[in-house]
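Step one of this worksheet: look at the structure below.
Going in written order, the chains are labelled A, B, C and D, and every chain counts its residues from 1.
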């Protein structure tokens, strides 16, 4: 194990803990990570990174599930009040809250990319005494927003990694890219960064999640089996009328929504692999004696492959539209999230294993885990693999106080140092990967040219 | 009571009984009354009536629920074999099985119209010994066709009326029109005769039904409250696939039909009056392990007014189409029947009562009954009333062996003489009605011109 | 027209206006009319009425749609802060907010009853300048509660009537009962007062509503055609699971609710009269990627008769339970409101007309109006009629700024004086009604004994 | 290749062809294979087999989808008329149409089992000239029954195998059991033979299907991935009423069926493997204007494992019952078929391959195929494997004139000799399998004791 890194980590750990708790306290949900992103950008700049931020790394048309302009403006104001770095806010204004830090060694070598996500969830954090953040004064001060999935730690891991790599710059070759992504919850943000070309020059790519059922001291080198998914918001507009006096004047949006929900769940299984459909939320109507004039549904489709997800999505949209036609109401369908199905590159697994096994804090290393759900880092893995690169999504174990997305979710903060070191070792030893005959763009030399 | 009529009726009754039993034995369903209509036309001609038949009195485009050409041809052949009057068949070929008999006295006076219907039902008649037609050898010889509603008697009543009126021609004024309608079951035939202009010159119009819950010896002068109705046949064509092997290839017509049925029944009530919807039949799919590729529904809507029926129909069609769109199947909708809402003219009631009370066989006369269902004579009533005429739909009581549409339905045949005499008296005394200031077209003289 | 009354009304009108605006400002929704009811009780007591309040006039088990204990307690505290008459609060504590004022003349004569209602709606009142209550400083200070149906005026009319009758006590005979009912909205309160026996000794009964589409200066003597109705809150409890990872573990409450909604709307029409069903609100699920573990529906049934409503209700309950069984979820059904179908007594109409025509402010008097919806005063009319008494529900016209239940609803306050005088005249002349041979209990003398 | 066998096959082939065409002509559907089974039993007896037949090998209570007693009796009569072996009919009477032939060599060695099925499908065979059986005079004479899946050849293969093995008896050791199963279509018959203990002493078991997409000259040694399945017939009994006159009196079985169908298809996917649901047939209602009083559904569930099928089945039954409760109709559910999920034993594959490769007529041998559907031989494979034996389900290729279950289905009859030889070689070389340490019961010697 690298002695220099060990000392660095020891000295920086208190700072990392402080940052994570600060991000936790000022939890910001997807596309309004104004304060978080500004802190990230300012630090990267300070440490000597080339920083790209905002529209340069987040393609406008590819963003999904962006809140209303009014909410964005209000949240930006809130971020200012909570100490955002104001010189960076113009980049993020309007919800372009992505940041990329680049370290170019000037030496030949591959481009190694890392990705962390920054957004909180729409959950009201517990204020009970047995919840550590509440007891220790860093419970979220933003109502209805909470880091209940660990992205506060992810952001900190990205920053810690940036510090360590800059400190050990002389031992690196090629280029390092650290991607700070907004709006992972609801799988809304990755696509916009991929479409902005952020991943196009990356030869070896690493992302990951802490926890996810893996305890502290264990690492999984690669996840596979992520389901492709699409998230839809559906609104039906009908016409309200008095249910006693003039029921025939109504156009019943509730019945349209009920029919759509039932029929979407009845979409046929697919013989070529797993599929899923869920109408997770249905809200319709205003009063008991009023024919319901409006309805709203939150829907998601999934598939073992993008083709199967596409099949589910196409059928769902047919049903949503047919149900509207049935009840003579107007539908509007908004795609508010998307992710690919994607597997980690098997060629990377032994390499990651060999790095992870160098850490004294890690007692068990697993090759693979089969993912249950969806994750939009898959867009990034896919883009890297499509360009001939290798990519993997790790799970870095940490023991949890309560499950992900629970109002008492909490982590063992020691996971951050483990993750930072694992990633840093991957970067420092990336040269070994070139033997795999992959990562061609990187081998084209020190010009670091972007292939797109 | 008219003595001449009494003697006539007495002498003709055995013949009427024989005719009714003959029609009963050779029961013919809607639009294939080839044998029945040919017998009617031949007799009317023989007795001196001006006879109009076929397309002249049945407008092609207004016919509904006409069977396939193959079935029509096969049935025409069957009629020949069963002794149809062959010189009349060319008129009826292709399903134009309507007949009108006209008696013009040459004297000034109103045009008085009567209508009877001739079709049987798609029911297999009972052959059990306790069923009189079976015991006495006039059970239907046509499989799946049975006079289970009494139209065999109606046809006979029309013929008997024609005989009596011709015999008493010198006591009549104006003109007499006796309309023999096909395809009343499923309310398919009346509209085509109305659209052919058959009712356009009628000043006073009488139609009616025997039985209907009224016992022998009682007469109801006028029915009201018939619901407007539309009958639809709906077919969904999807795509079959193996339910185990490739369910995703299927386009599920059964689920489209199920959704349509549920949602049609959920069409909102109408605040302005009664409405009805019924999916009476749903047949879908071919095998247990096959995604159903086809479905068929028999649907009807009703309304207290034509507007309400229109509202129900429009909503039903939206739902049928929306359900098809939902499940990506093709729908086809055929209107196979229609009837108006319509009330008997109240001005006619005292007149009819006074005629009916002349009969010794009638001990009770009711003014009105509220109809539960639908009947397409309403199109004829409506047309007469729209032209300033008066019209009524009577019920002539007869005690039944079993309910209408039952496989053991049977009547007390004495009802025929009662009906014939009631109608004949209405014709003989129609002059009294002119005092009501109605029936203007008739008063235009003996030219008998058709107003359309 | 009575001169004394005219002067009284003139002098009292400013006070009435002030009261109405005070009630408007401190709008209180159903079962939490703590402040309003305490003001009413205190004034009646002050004026010499025998006052009955709380559980004595509101039967606990017959109350419907009562809020949670916590909400009741919080609202009682709120009422104290807003100046409720504290000596009366113990009567109302826990939501027994009914009051009855009795004036016994000691002279023989009928018992004449009046009923007004006191509750506000769950609506946020408009604060825009063109809304008079906002402009003039008596907009509701209670968030989400607003007198948008005119019950503030109804309460004031009850009080004004009490003042006038007490002042003219010497011209009265028999007994006067003025009933101040809570929770009319959602038809929740009348039944509890009827079941407490409040109406059992009333011979002639008058209630009514201001506005309802009738302009100022017009009066309708009797409403009929109120639909019987039942209001249900339905909750489904299923089991949530991750829609991607373990969908089969879920018990889907949303699909149960959707099936229930669709199938309830498909309950068959009734041939004996109007029926209605409405699922006005459906709320289900918590997150897009979670199998929905809970759902909530607001349902109402209606019928032209109580039998038809009963039929609708029974079918709705079967469907609610069957849908729960289908999806293996637990249902709970709460009846939160009920009203009878009931007609005003036609014998009362000429009497009311003759009183109303005495008022100079009234230029038009209608006999009847057909009600579109439901109203729980029908329980009271029914009880009085069942006991051999006569009862009517009037409409006292007033020109509205916006429709009932709208956030800018406002009345022409002059209606209050018109209503008070109409009611007072009915009380003063009730003796004339005894000629109708009704109101027997009242004629039994001054003991005021309750007949039940 | 065994010379004796080759000559045997050559000489017997014309006989086999004749038998297959005879079975084809007298096609008999499931549980009424009276003629076929009697021919099989008579021949086996004649050749010296120990024959077990009827209830001894078909357990009554485990039979599924048995036709009505009337139909069974009528078909038995039909079989007599078509030349059934009358001495065997008493065994089969009532639908116990299974036969087992046993050949005990008296020498130590394993018990080797084979299974063929005998039933035809409910399909009307094509009589067109391009359909060989029609052209050559052996088209099915039984209306609506046709060997459209090749079980006529299967039966012949079982008989041919019996002939060959008896002829080569001296080269065999241990025991041979040839099972002739009724009612495979609809997966109704295997369970009853397994429950009768027929498979309990079998060490090595072979069954298979001809065709299935594999052309003549190819053999697949083992099929896997059969889905467990359950077949349900569902009947709803409601109450019919006139849809215009008294709709409220009806209990709508069609709406119950429609709700059940929609909701069954909406049963959640299972995360542990494939699942299927199909409502293949829905028939409801009698007439357009009648509230439908009855409905019938053919349903099937499937699962990659028996647990998943169980989950699907349990949910389906809940929904069927809940839908009945919703619409106040009576449901009845009959299980009319069942099959396991089951894989062929991989240890058998190289053995089968080595036998198949001996045949000159076979040019290609595949190890495995993944089955799309379901097959009830899986019950037999399972029972053998549970007892420590080995079992495989083969596919013996034959080129088809039209797909399975098509009215023009026809085979290349040369497949029969290939199948017979493959099976015979498996029997002759079964001793080699004992090296696998399986088939212990067989090694216990010549007592042929049943191990269970």
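By definition in this document, contacts are C-beta pairs under 8 Å (C-beta built on N, C-alpha and C of every residue); 3 or more make two chains touch, one makes a residue touch a chain.
Here is each chain with its UniProt name: A, B, C, D = Amidohydrolase.
This structure is a prediction, so every number in the text was calculated from the model and none was measured.
Taking each chain's centre as the mean of its C-alpha atoms, the one that lies farthest from the centre of subunit A (Amidohydrolase) is B. Interface comparison, C-D versus A-D: the higher number of contacting C-beta pairs is recorded for C-D.
Rounded to whole angstrom, the centroid-to-centroid distance between subunit A (Amidohydrolase) and subunit D (Amidohydrolase), based on C-alpha atoms, equals 52 Å. Note: centroid distance subunit C (Amidohydrolase) to subunit D (Amidohydrolase), computed from Cα atoms, is 70 Å. Shared interface positions of subunit D (Amidohydrolase), defined as residues touching 2 or more other chains, are 245-247, 252, 255, 259, 262-263, 265-266, 268-269, 271, 276, 291, 372. Touching subunit A (Amidohydrolase) in their complex are the following residues of subunit D (Amidohydrolase): 262-263, 265-266, 268-269, 271, 274-276, 372. Interface residues of subunit D (Amidohydrolase) facing subunit B (Amidohydrolase) in the complex, by the touch rule stated above, are 186, 227, 229, 231, 242-247, 252, 254-255, 257-259, 261-262, 265, 276, 278-292, 295, 298-300, 302, 372-374. By the touch rule above, subunit D (Amidohydrolase) contacts subunit C (Amidohydrolase) in their complex via residues 245-248, 250, 252, 255, 259, 262-263, 266, 268-272, 291, 311, 315, 318-319, 321-328.
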